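Here you go, one structure.
Just so it is clear, A, B and C label the chains in written order, and each chain counts residues from 1 on its own.
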Amino acid sequence: MIVGNRKEFKEIVGMLGSNRRVLLLGCNECVTVCGVGGEKEVGVLASELRIHWKTAGETFEVREHTLERQCDYEYIDQVRSFVGDYDVVLSMACGAGVQYVAEAYKTKLVMPAVNTTFLGVTLEQGVWSERCQGCGACILDMTGGVCPIARCAKSLMNGPCGGSSAGKCEVDREVDCGWQLIIDRLTELGQLDRYEDILPVKDWRSSREAGPRKRIREDLRL
Amino acid sequence: MRLSYPSNVKIVKVPCTGRVDILLILHAFEKGVDGVYLAGCMEGECHFLRGNLRAKQRVQYVKGLLEEVGLGGDRVEMFNMSASQGQRFAQVAQEMTERVRLLGPSPVRGGLKDDSRQSQGI
Amino acid sequence: MKTNSKIEKIWDSGGFIVTSECGPPRGADSDIVRKKGEFLRGVVDGVNVTDNQTSVVRMSSLAACVILKDMGLEPILQMVCRDRNRIALQSDILGAAALGINNMLCLSGDHQKFGDHPQGKNVYDIDSMQLIQTVCRMREEGKFLGGDEIKGKPVIFIGAAENPFADPFEIRAARLGKKVKAGCQFIQTQCIYNMEKFSRWMQMVCDRGLHEKCAILAGVTPMKSVGMARYMKNNVPGMDVPDEMIERMKGTPKEKQAEEGIKICVETIEKLKEIPGVRGIHIMAIEWEEKVAEIVKAAGLLPRPEL
């Protein structure tokens, strides 16, 4: 899922400025799973804003509303009838959702309450870890199911580097060395001979490096 | 046991402190409450196994949120006691009351001085 | 294809190679480079010039190499993959060759988090293995990575680094094998304090016959103090400093520790000379370049061949 971190409360208050009528939009998908922008988190942020503004003696209105997701127009459209009653839409979705809401309501201020970070998995409830960089040219079949682009701090195609120590990355002793993981997996799969092959230079054109990307399936178009 | 505890302590009974949600605590502060504390069973003795441990983690989280909004994390606290510890119950009530008294009334109430400026919230 | 590299010539003649390092200054003062270079004149066969080592901004390796070359020394250009994409790397390789630099070390590069600009992006467009392949192809086939023809091939002796003390140990010889397959002709190892582990690694390397295809230069670094020994043990990734080493430095009175450090270094070199497959040493006397002459002399490695 897409993972993110809630922006600091001070930052959010700063962004809102003098706007006091806020529509707080949550999302029921990725940000719910990683506990940053679902119905619950919308409730918490709404409560924080109310406490903050009540303390200041301000008049305000905070409406909580959680959409199924914010990356499909049909769901974003569901708030069309009342979005006009608010000065700002504060979206707790990932960056994609925030932008799509902004595209749907061009004359409304739309702001992000979440810093979108990575594509990851749930290690355990409360812990999420990065797995994919969206490079567009997946080689997981060659590396025992472990991605060198996302899980190696240097995205080495032929690692590990000389800084790998006790299975951990030189960047952070809590971070696994991606190449240690790959070698362990290849060993478990009986494929360690693959390590002898030099992986060729990556063609980064399939990644974000070549510019913003699009995917089209003509057969699905109405 | 007929021990007395401060009259400003309002008790909300729950089957287990694990029932207490973050939002429950936050909404109380929204309404202007000066302090909230949870009195849960001794660790390891929770009838529902880990409810009081979950409560402890949630209280920690709410402390952070209260710091963020300027109320201060000391206004919320987790305490553990067994059902038979009447004295401990009274003592904790006293302790928390004293702590909150020193912190002063919640700034939220300070903002609600004037009824005509009563804010509209959901 | 043979290069004009002094190191290659010694390798071909079966001699023992001695290289050292020169860290460029954190400023534009070329005299600092010259001063360091002077310490190494006649004492080593080649001088590495580090490339923004530990991700700390320094005068560029290429610039410092040219300064050393003008002094009559043999520079080894270090190039990391952290800061340049394939376009810049190939461009700098052509530039280096044009300026008469004969040697190059292909490295991944320490992550930027260690340096003075941890906020920056890193590049890692290609990795050190692929960089070796790239230089080799440029020299042998006269082609860029993209396939176009090069007018004026860069003739450079290709080197890399390998760390016998990094994990996982089991693949470290295999990794060297890959580098040799990619075209690597000499390597310098991380500095050695754990002789036992290094010997085991050398055994694995020799079992693969790599010592015959690639000049293996064993790295050494003299310790200045017990504080330095401890720092290296605990804070430098991929460094293996046995406790006996720390104990030995600790047991020496403070004013004699530097001298003891040099003594340990010379002893290490003597042992390394005896290990089959080791074809030279690489002395990394960081900010202590003035001691290299003393170390090389005490290890019986003077005079250096005049080529």
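FYI, contacts are C-beta pairs under 8 Å (C-beta built on N, C-alpha and C of every residue); 3 or more make two chains touch, one makes a residue touch a chain.
Quick caveat, the model's predicted, so the values are computed rather than measured.
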Worksheet item: Which one of the chains is closest to the middle, using the mean of its C-alpha atoms?
Response: A
Practice prompt. Taking CA centroids for every chain, report which one is farthest away from chain C.
Written response: B
Discussion item. From the mean C-alpha coordinate of chain B to that of chain C, what's the distance rounded to whole Å?
Written reply: 62
Worksheet entry | Chain centre separation (chain A, chain B; CA means) in Å | 34
Item to complete: Round to the nearest whole Å and give the separation of the Cα centres of chain A and chain C.
Response: 40
Fill in: Parts of chain C lying in touch with chain A, wherever the complex brings them together
81-82, 86, 108-111, 113-114, 122, 124-130, 133-134, 145, 161-163, 166-168, 170-171, 174-175, 177-178, 181-182, 190, 237-238
Worksheet item: Across the complex, what residues on chain A touch chain B?
Response: 8-10, 40, 43-44, 46-48, 50-64
Discussion item. For the complex, give me every residue of chain B touching chain A.
Written reply: 22-23, 26-27, 29-30, 32, 65, 68-71, 107-108, 110-114, 117, 119-122
Worksheet item: What does chain A use to touch chain C in their complex?
Response: 153-167, 170-171, 177, 180, 183, 195-196, 198-202, 204
